[in-house]
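In the two complexes below, chain A is the common chain; its partner is chain B in one and chain C in the other.
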Partner chain A sequence: MASSNLTIETLKKMFAEGKRFDGRDLLEHRKLSVETEISNTAEGSARVRIGKTEVIVGVKMAMGEPYPDSPDRGNLTVSADLLPLASPRFEHGPPGFHAIELPRLVDRAIRESHVIELEKLVIKEGEKVWTVYIDVYPINDDGNLIDASTIGALLALKTAMVPELDKDGKIDYDKKATKKLPLAKDIIPICFTFYKLGNSLLLDPTREEEEACDVRVTFGLSNPKDYLINSCQKSGKTPFTQEEIDKIMDTLPKKYDEINEKLKKFL
Partner chain B sequence: MRRQTNEEQEFNEESEISAAGVSEDPHAKRKAVIPGEIIVSGEDFLPGEGARREGNDIVSARFGLAEQAGRIVKVLAVTGAFIPRRNNVVIGRVTNITFRGWVVDIDSAADGFLPIEESPRFVNKNAMDQYLAIGDVIAAKIWSVGGKGIDLSLRGKGFGKLEGGFIFRVIPNRVPRIIGREGSMISLIKDKTGCGITVGQNGWIWINGPTIEAQVRARKAIEFVADKVFVEGLTEKVEEWFEKN
Partner chain C sequence: MAKEHKRPDGRGLTELRPMTAKVGVIPNADGSAMFAFGNTVAIAAVYGPRQLHPQHMQDPASGVLRVNYDLLSFSVYDRKKPGPSRRSQEISKVTEWALSPVIDLAAFPSTVIDVQIYIIQADAGTRTAGINAASMALAHAGIPMRDLICSVAVGKQDKALVVDLTKEEEDFEEGEGATDFAVAKVANSDEFTLLQLDGKIQPEIVKEVTRIGAEACKKIYEVQKKALKEVIEK
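Our next item is the complex of A and B:
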């Protein structure tokens, strides 16, 4: 059920007082827990839980042709499947708006941070390169899928191994992969999605909060030193004011450090 | 030999249950079962809701609590979708307005329909959204469930548009536990928090209270109750919970 007028009004009042149903502050994350290498067949994988939200991300490597405009680089493809088991909002059938938007947001945050050194994924220039497939599967949607998926994608990439090739140049899955996926060392892309309801900004909404909000903006940050913003996308009709954007800019470094600290032992 | 012991056991169980009184009794024996699990064997028993007969056995079809009431063995499912029945009180959200009435999402497989004649006061047909607009929440009664759809009615006490407070959802199967025996649980929560609470059979619950804190507390109490599926003596636990929170 989409959000009702009643609940929106109550949430507006609560947010104006800085309160939430679960007792968090407006800009506070829920409990984050992550697991890596959860799949035997994927080259890299991770499971991320933020509160009740759960996302599984897998990385698969395949050989393919490079795009004509980048013959000296590997390819990156991000896809997401919004399984109906994850949420009553998701239905079978052709992908809807959210099913297209989610992987694109993840893709942009990962790609533009240049965390994957795609130029090292060339097997034969102009002919054969590695394609990195990142597959995002939300298992349970309790809001904030974008941020959870990006963390999952990052951790899956960090654990990914490049499979070995046999004599004919085909992938040999029987050989033990020893080479890690080439990643830039100091780049850690993390997404932060700010939601707005009334005049309040909030982070990490639950599903009912997310449904009540009328606008959101996603920032992808990458560098722990100077907090470089690589990607940004706003969706929804309501505008953000200058002050709100300033407030977001003040909050981002703090939140980035906080999440980065939690992820440190997995990176 | 084995069969004999089985039968003996069954008789014992049956006598125990009949001694304890049927399912309404708080001390009736309940057992957690998973789909495909044999609850009891023997020709003496009849499968009720959530159970089926397979040869000599009564087998669970759902994940839940098996309960024996006399000869009937049924399973109270722990999760599941709302199945609308006549006279159910539901809380729904208006999703569309037609010439004849309002389409209401009641969180079941089919939408509910509230005909214009069923509203308790006069409604101008040209300005139906002045009475109920899209996104408004109503408490209604299911008037009929038929091939054409689910018809709702607002006639009766306590039905109509809900104003103030908020609504949230629990799993519909947990609604009986939230209400409690003769409404004991819900009146306990109402007393302790001072909030007005309406529980829809479809799992949607409306809370309207004096302060935000009281409303949030009432919601947390209800979620606490809805979480504790396999716990006995829940009323005492909830009283304990209220002392802590």
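Our next item is the complex of A and C:
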């Protein structure tokens, strides 16, 4: 759904003056709240709210074959379903570009951070390994789904337990799971997507702001000590200038600390 | 015999699981609600009335109610592959039929009212929880309705009749086994809008089942009403 020219012009003017409709600074997030263990059928799960945006994420595990090129590692699959429940913009049918891109961005932020110790998810090398499914469902889309979904994925992973097996090696859900999903300590993948309209950069846009913007770029960071960037993707035609890239790089560590601090008690 | 039946969670035979209901859980939607029977949690969103596309599906005499029900992939122990299944399509359709009778669709010719129902956590009774949530969401959306719809599953465990089965009870295998009979009813009138069952049950017992279901629906109605009032009084 494209924005009207009127909306774009108004927002462009406001952003240039550093203003937003909801009174935030351009690089300021909306209120973030999270909740874990929201579905007891999932191995791990979380709900993330950023402003009016709400995403729920669940982790499921299943046994399968390893990929031929990684016989000694478990598998990771990230999916996202843009349910028509979550927005008047979402429709049933084959996934559009946005629906394909969202899980890929979350996948890369999680995978490239190596937060999941996939080498510990081997049941029998070359034959049987765990597949970790991360399933993302936006419940209310009011912008910034990528960043919200990655936070949800992280928290769902952090609370995930590996299911127990019975004598025949099948999953037994009646047994209480006691082993946590093996995760690397001190790796906290978080995404930051910067949006650009005119010459202004902003974080955490509402849906209205998001739709008016020309381009966005997503950075996945994972390390609280040196702020390592694990993934990056620009989406949209409009270029970013060197000055803008510098500004983003200066902003990332501050923003990472801020969000990490808020998530700390859940990790 | 029936009196000796003990339920695994210690509930009385006609006792529902603790119910939770909340209205307005999805701000984007025109109406929305959550309804839970114990561990079974359903959310529903209503969008519309809005223009129906493609145009040839429009009915110039009446609006169309379109329901979509599905499970989230992690709402069950063995991950459900995302996307519609035969089961979910069937449940979507029976839910449509369960809800339509109370909605004044004629007031909105050529439009569609979309109802989206998703299960976050499943422990049996998902379609009934979904219908309860959807009914509240429609009311919350301000769609003209002559009444609310309430829904519950009544089960037979060997010979005992029980209300609102859990997954564990659905899998009951002793004696005559388990029968699961899902009913939906117009809250304040004697009209059943959903009747669906799996298992085996005698006709005489069915008479009893619908009566037990109707009694349970009264309790569900109170929970729905309370949640709707809360949001209006805010």
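As a convention for this text, the second predicted complex is superposed on the first by the 266 of 267 C-alpha atoms of A that agree within 3 Å, B and C clash if a C-alpha of one lies under 4 Å from a C-alpha of the other, contacts with A are read in each partner's own complex, and residues count from 1 in each chain.
In this text, a contact is a pair of C-beta atoms (placed from the backbone, for glycine too) under 8 Å apart; a residue touches a chain by one contact, two chains touch by 3 or more.
These figures come from a predicted structure and were not determined experimentally.
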Exercise. Check chain A with both chain B and chain C modelled on it and let me know: fit or clash.
Key: clash
Practice problem: Could you look at A:D141 and tell me whether it touches chain B, chain C, both or neither (first, second, both, neither)? | Solution: second
Self-check item: Which of chain B and chain C A:F21 touches, first, second, both or neither
Solution: first
Exercise. Please work out whether A:A62 is in contact with chain B alone, chain C alone, both, or neither, and reply first, second, both or neither.
Key: second
Practice problem: State whether A:S79 touches chain B only (first), chain C only (second), both chains, or neither. | Solution: second
Quiz prompt | chain B versus chain C as contact partner of A:Y133, first or second or both or neither | solution = second
Quiz item: More residues of chain A are touched by which partner: chain B or chain C?
Solution: C
Exercise. For A:H92, select first, second, both or neither according to whether it touches chain B, chain C, the two together, or no partner.
Key: second
Quiz item: After lining up the shared chain so the two structures overlap, which partner does A:A2 touch, if you call chain B first and chain C second: first, second, both or neither?
Solution: first
Exercise. Would you please give the residues of chain A that touch chain B in one complex and also touch chain C in the other complex?
Key: none
Quiz item: What part of chain C is in contact with chain A in the complex they form?
Solution: 25-29, 39, 41, 43-45, 47, 50, 68, 72-79, 82-84, 114, 116-118, 120-123
Quiz item: Which bits of chain A are touching chain C when the two form their complex?
Solution: 38-43, 45, 52, 54, 56, 58-60, 62, 79, 81, 83-88, 92, 133, 135, 137, 139-142, 171, 173
Quiz prompt | In the complex with chain B, residue positions of chain A that touch it | solution = 1-8, 10-11, 13-14, 17, 19, 21, 23, 208
Self-check item: In the complex with chain A, residue positions of chain B that touch it
Solution: 93, 95, 105, 107, 133, 135-137, 162-169, 204, 206, 212, 215-216, 219
